[in-house]
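Across the two complexes that follow, chain A remains constant while its partner is chain B and subsequently chain C.
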Partner chain A sequence: MSQTTGIDVAEQQEWKGQSTDRKEDGRLLRGEGRFADDWNRPGQLYVHLVRSPYGHARVRSVDVSEAEELSGVVTLTGSEVREQTDPFQQLAPPPGGEMRDYCLAGDRVRFMGEPVVAVAAPTRRLARDAAELVRVDYEPLEAVTTAEGTVADGAPLLHEEVGTNVAWQRTFDWGDIDGALEHADHVVSIDRLHFHRFSSTPLEASAALVEYDEGGGWTLHCNNQMPQFAVMFMAPALRTTTARFRYVTKDIGGGFGIKITSYPYLTILCLLARKARRPIKWTEWRSEHIMGSAHGNERTFLDVRVPVLDDGTILGFDVRALDDVGAYTRYEPLGGVIWSQVTPGCYRFRNIRVDYSTVVTNKTPAGPNRGYSRMQHLWFIERVVDIVAHELGFDPVELRKQNYIQPDEFPYETPNGCVYDSGDYPRMLDLALEMVGHDDWRRRREEARGSGKLIGIGIGTTLDSGANNFGQAQLINPHLPYSGNGEMANARMDLFGEVVLTLGTAPQGQSHETTAAQVAADILGVAPDEVFVRTGQDTGRGVYTGFSGTYASQFAVTGLGAVQGAAEALKADLVAVAAALLEVSEEDVVLADGAAHSKTDPEKSMALGELVGVVHTNNTALPDDLEVTLNRNYLYRPPLSAPDTESAFGNLTLTYAAQLHVCVLEVDEETGQVEILDYVAVDDCGRRINPMVVEGQVHGAAALGIGAVLNESLVYDEDGQLLSTNFLDYKAVTSVDVPDIRMTDIESPSPFSPSGAKGMGEGGGTPLHTVTAALQDVSAQRHGALVTDTHNPAETVHRLLRTEGKPGLQVTSN
Partner chain B sequence: MSTTQPQTSTQITVTVDDIEYQREVEASDLLVHFLRDALQLTQVVVGCDTGNCGACSVLWNGRLIKSCMMLAVQADGAEITTVASLAEDGELSGLQESFSENHALQCGYCTPGMLLAARSLLDRTPEPSEDQIRRGIKGNICRCTGYVNIVRAIQAAAGS
Partner chain C sequence: MRVEGSSSVQMSRSDLWDALTDPAALSRALSATVAPAAGEGDRWEVIIRPSLGSLGRPRLRATFELVDQQPGEWLRIRMHAIGSENVVDAEGEARLSGDGQSTEVSWEGDVSLGGVIGSVGQRSGRDLVQAQIDQVLRSLSRAGA
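Then we have the complex of A and B:
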């Protein structure tokens, strides 16, 4: 508390923690967002892609001569691509690393929708018409569309140069699972669990306008959400340096990880822009997006064995996992280690073995879909816990509480050296049960029996690990030169004293402009309204680092950590100038209400605008030895070390947000139709910068999860034909499919992040865990057949209720 | 005009947000592409190929339609209203303010269509129940918000 009548810093309003109005809303509500298809240039050519109609085929010939006869048409073929580019870098070591992946197919197509020829023309219509004139002669090959099928003897080989359909494999073994299985009182064995293939399908598809100039390289106005990842693949492929690419994103209509791996398409456009010497404009159709952008990872868990003690302590698990990543490994096989950020889930399991394979099939390549790799694993764990509860007669609530990592055990080191920063899972469970009215629903569940409807209650616990340590890549391939994480931000004062923030991120609705302004406002003593945050990422601004982008639930830590650092550096500049001009010590200066004040002498103060003028336009008043720029970059690095590649041991993420959902649903016994009666969520993402933004993320993730478990599935037939290529067949959830979601929050601040916030947003796939648990509860009222799949439309639930004998399950007891 | 070639284009006159336009359009031009490409009205967006997502929604003579499901030639003589008409004298409407206050938008891509669907619903049903709201906007897909806050925003706008 200040001793004088000067400014009392403690009384300054803190903007962090408030649900301030969103800066983004003004333009978006008016329809004035700038999305990637909004860009136009005179003389631009429009691109239409010729794509493979087959899941697997040899390409015998490609003839573009008829198409090129049309006036103004320019084409690009796979053989031109192979002359002008090198294959995209691969993350996997050999044999997977031998895969040759180009932006257009060569002599083989490996998934339905794979681009084969690019056609550019002066109008959209002409591009489509010209594409129809491209003659591609395909010889269909046998396709393989399941993980189990692709690893079986005699399966068609997708990549000759790899020699196997297993692109990468590693067995992770921590603790002593064999000892645990031997000494356990019970072993619960589950033959197979399957996490299905789906996608967040952002409402805006991928799009870009690409320009080339001989001196400067390429400018890409696009909606890629991780341009630095893209450039690290594109630059070597195009045989040039990363500096020759300028990515400009403004508003992006949703990303969810699906817009991370669009770099092959951007490469096509770069080649065309250089060939045609014209601006090249491409916008993905919805069906192209669904079949050609990226799908979520599809993971099959086999031969699951779970040792359990009489008192309900679960000692760990043994499992073989096959991760189906489609035809090409792009972000993969990083998924092969990213799950290990959350190896034991929220539980105290110490003995874990996972035999993990990344396998290729004739399906769309996987991309890091929201919840990436962790949610597949976390669903598996919740299924295991839920099934153990049912089969060994434990209460699902008590069994979880008993096995949870306890609040007093944080920071908690998992068996593979990840450090969970903070949390209180039992409290979240209690809050969720209270919010939903657990006792009341249990009573109603009993009353419903015999009525033709069955009520099920399910619990799902998940983690949203945030701020990856990219050293995890070394666990895949020790030669990969990646570790840590980082983000850049710039804070500067413009000529009349306005605070301007520039971010390295590429947001797609996560309210970065708003929360960044809150953080800077607190530090600089202004209101968020007085902070101008520039939209999107523009690498031309020079504010980015190798990990820049918006992905993986980390902005609150990395992005806002960078903003905090930049604002603190800017503040230091302002304080130095103010101290010099006010003739006080730097310690005496406080920034508040848009001015610099002396704490001890209230008469001494200077508005920021005037202060800034002395640096920018009126600087003879500045002492000669004072070096300030009022233009400060900051590169935030989370405190992480490279993991040990031999033992796969080390901390892979800085923060661990958690969510816990409870779902009550009703199943019509005759049809299998599911209706959600009640749905509650408890969120803990540490210190919330903007509670309204956090809740929006929880809602959104919950809706996509509910959609996946009940409505949305990317289905292939055995020839590799994708059967759900548009929103008619791929049933993206609407307002009548998603219930109201009631929620509450607790805050377990992270001791490791700059502000105590934890990254959040992806949501960890919680509804998948929760709804399948509720269905298991329904099944228990019939024959107790296991819920083994993440996708449960009515026909699956119908079958579940009628399957006797609990196939796929064995319980042995000592 | 040659009698052996069928006519493939024609002149249309269409009013969009109170401004009249006269343009030559191809017979197969969709209204959404006419609005975006010919008139540069980027507040109308494309979200799908099959008329399932509602992102392209506009009002056509006061009626909510999907502009991807209509040909430009069908708009000849029509009055089209886009989200740009909701604000008055540059001030956001009560409905738009309610969307902001209730965080009913994140990426903003579905928002123009969603606002028009909400406007259309409230014009027909001034005091809708939650069920009526959900059914009223079920033609508009949103991948960001889970609809929770959109429903709340419409409820709040209806209440005021």
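Then we have the complex of A and C:
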């Protein structure tokens, strides 16, 4: 035993709340990260996919004979897929549930870029050359590429077995919207608002190396960000059990939700690996990623009606929403309920009706892109608030404050039973306005008139709901066996006393290793540098549960909740051993500075390494009745219950982070060109585990939103041709496009999470709300035409300034 | 997209007509050709790899069909070219006029680009198609001289 002074627990440094350096950065900056394309195996074959050049076509014939004449080439066709697999299961009930979705097209292609034939060859170039020898005879069919078009009479039917292009529909009705509309002093009616199609642009496209095991299983070295979701679709399709799959992820270069629905491609690789009896490697080209991975949901809001009282109280809204999810419903129609996690946004709206339809079109299937489904709905809410303010003559700041949920109303139950845990939106707004210099910008806005440049100021308030309750899936289909949430972690001591954490998540830049180490360090009395966190997920050797993965703004709650539980259990083991060896009570033991100490006897302490050695390799010193493993799993389950499926009432998410942005922009009246002059963001994600990490997420989410609202758009022509298949045409946001974003934060701890932290990272698309609000402010200085779309490049702004009247808007007053 | 233009070719009208209706001569004249024409009569197939700048040189199997003609006066050709992720469809008419050692050719037609190269179509497709037609006529002109 070593000599030491007494330990004062209160003086121990707390790592949570510190902006510690990221554990991930060292290897990444040295080029030692291991990404999916870095995996190689002797004898591997490379895959190139033959993809449909048509948005909609019948496949009359497929001839791979010429390709297979090349040495070493193996192919996989849609016919083989239909012999060897069953269609992927569907989440929707009938009719959408009847959809037959396979990993390769059969007799029909339904989006440009849909894979038709897979070609594998000993080199990447040969695979590409061989793919060009595949003959596919197409018969082009009429395509439908808009939500309104696909539900119109006479629209081409995408899936005959479904019988309709409406894959799912439900009307949600809470409160009394008809009564509110009848008794309101004013009703603001908006014909149409449109959330455009864009996506995230991970630096790393999808990739995988798949090996087939002669015992009948597969190992997939990949960058799928939610392998447990993937296996639930792949296993039944491949007519086997989930135990036959081992998913291994390491470093992932961005996911943003898009890498959740890569399972059709992984299925192709599994089939090829089994057919060829060789490892199969596939890496997407950028154009393939843009046209064939997943796009964000495109949503059209029609027939909006908003009842408002004279004092500015907004009573609710009525809307018809068409959600265009592309050609196949893969993660859909979950988006049909996920928006309802944030039904009233940040506001006290009590009367809400949403007639929601999930519709299919001849476009790339949607995936749960960052801010999934909530982003679209929150933009709609903010547009409504902003338009009401402009049209009824209210100050946008005061109208928001009046309608916000107030701090003393938390926890706040929304009309559909979601419980917002904590927050202070008025304070966030005040902070943002002060930070941006709101009064000064208002003065400068007035001074700018007549100069050829117009200044606009916009506010966007949004929520980042985190830690899903998967019971919401039952609101889509009551037969789905999903509810609650969970995440697993393992904490153990290795032979020499190092703390080792294994997570169930598959991070793509969210700093899980760093924050997990901080949490464990605090509990175990070590420094984060003394905690080794395994990179990525490995279902063959690691820990996971059915919900494991990295998605939906939840790691700070579920992942770190699991780490906390595992570390606490490990601590209990260490304390028990220390108490036995130091001959003190367990209550007398404290872990600090990498050792176990007696609080009351400074003579008694033992380094963790020494203590661990007694358990692992020198255990005759252990009492016979002491059962410890120093190897602890923990499954964290958030306190959630299944919602009522009939009334669609219940708590769908555990925590609610919030962001509030203010944007000041300048528009050149001649060209419509937009320049952001100032931009501030206020974040509230409860207790911040690592402020630097939080700020990085806020910054990244803001960049994404700015890119989308001003530059990025996935454009289709009427034949279903995607016209923006590469970075020449899809103007992804870069560092030169993003203004200096000034940030501050408040902390409203969640009463529901283990540490008070709230999940965050998706950002809710705040710039989409904020910039469109600023453009509305600009428009108000001309003719006041409505900003009705999330995508506002220069040509759209130019048109906005020249639109006279307010088409699509009606205000009736009693 | 609609394309149209005119050019002067240093060949007699009869020689030019023969070249335009000879699959082998046409495929030799097209710089993107990587395999000789195969087929007979009014329908033939060539393998082409057009250069599309940053989008590389995608391999396309192009089927040409002589749809209609008035010998020595005009002809109408249809083309369907398809690759592993691209498709080009075109149909157009060429008219010949003039006597002597040079012939005036005017043409017009519709072209659609699909697949990955569709993005090219919206920006520079017309220029690319025009350049290909000009290049074929120049090649024929050099061969005639």
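The definition used in the following text is that the second predicted complex is superposed on the first by the 807 of 814 C-alpha atoms of A that agree within 3 Å, B and C clash if a C-alpha of one lies under 4 Å from a C-alpha of the other, contacts with A are read in each partner's own complex, and residues count from 1 in each chain.
Assume a residue touches a chain if its C-beta (ideal position, glycine included) is under 8 Å from a C-beta of that chain, and two chains touch if they have at least 3 such contacts.
Bear in mind that the values here come from a model prediction, so they are computed numbers and not experimental data.
*Asks:* Clash or fit: chain B and chain C on chain A?
*Replies:* In the superposition, chain B and chain C stay clear of each other.
*Asks:* First (chain B), second (chain C), both or neither: which does A:Pro53 touch?
*Replies:* second
*Asks:* Check the residue A:Leu728 against both partner chains and state whether it touches chain B (first), chain C (second), both, or neither.
*Replies:* Both partners, chain B and chain C.
*Asks:* May I ask you to decide whether A:Ser287 touches chain B, chain C, both, or neither, giving the answer as first, second, both or neither?
*Replies:* A:Ser287 contacts both chain B and chain C.
*Asks:* Using the touch criterion from the header, give the chain among chain B and chain C with more contacted residues in chain A.
*Replies:* Result: the larger residue contact count on chain A belongs to B.
*Asks:* So in the superposed three-chain picture, is A:Gly700 touching just chain B, just chain C, both, or none of them (first/second/both/neither)?
*Replies:* first
*Asks:* Between chain B and chain C, whom does A:Glu332 touch in the aligned arrangement: first, second, both, or neither?
*Replies:* Neither partner.
*Asks:* Angle at chain A, chain B to chain C, CA centres, as a multiple of 10°?
*Replies:* For this superposition the angle at chain A equals 60 degrees.
*Asks:* Which holds for A:Asp719: it touches chain B only (first), chain C only (second), both, or neither?
*Replies:* second
*Asks:* Just to confirm the geometry: in the superposition, how small does the C-alpha gap between chain B and chain C get, in angstrom?
*Replies:* Between chain B and chain C, the shortest C-alpha distance works out to 5 Å.
*Asks:* I'd like to check the shared interface: which positions of chain A are touched by both chain B and chain C across the two complexes?
*Replies:* Touching chain B in the first complex and chain C in the second, residues 287, 726, 728 of chain A appear in both lists.
*Asks:* Could you please specify the touching residues of chain A with respect to chain B in the complex?
*Replies:* 19, 21-22, 24-35, 37-38, 40, 124-125, 200-205, 251-254, 256, 283, 285-287, 508-511, 692-693, 695-696, 699-704, 726-728, 732-736, 738, 740-741
*Asks:* Which of the residues in chain A come into contact with chain C in the complex?
*Replies:* 48-54, 112-113, 128-129, 131-132, 134-136, 138, 287, 291, 717, 719, 721-726, 728-729
*Asks:* Mind pulling up the chain C residues that touch chain A in the complex?
*Replies:* Its residues touching chain A are 54-55, 58-59, 61, 82-87, 112, 114-116, 118-119, 121-123.
*Asks:* Mind listing the chain B positions that touch chain A in their complex?
*Replies:* The touching residues are 26, 28, 33, 36-37, 40, 42-50, 52-53, 55, 82-84, 86-87, 92, 96, 99-101, 103, 105-112, 115, 130, 133-135, 137-151.
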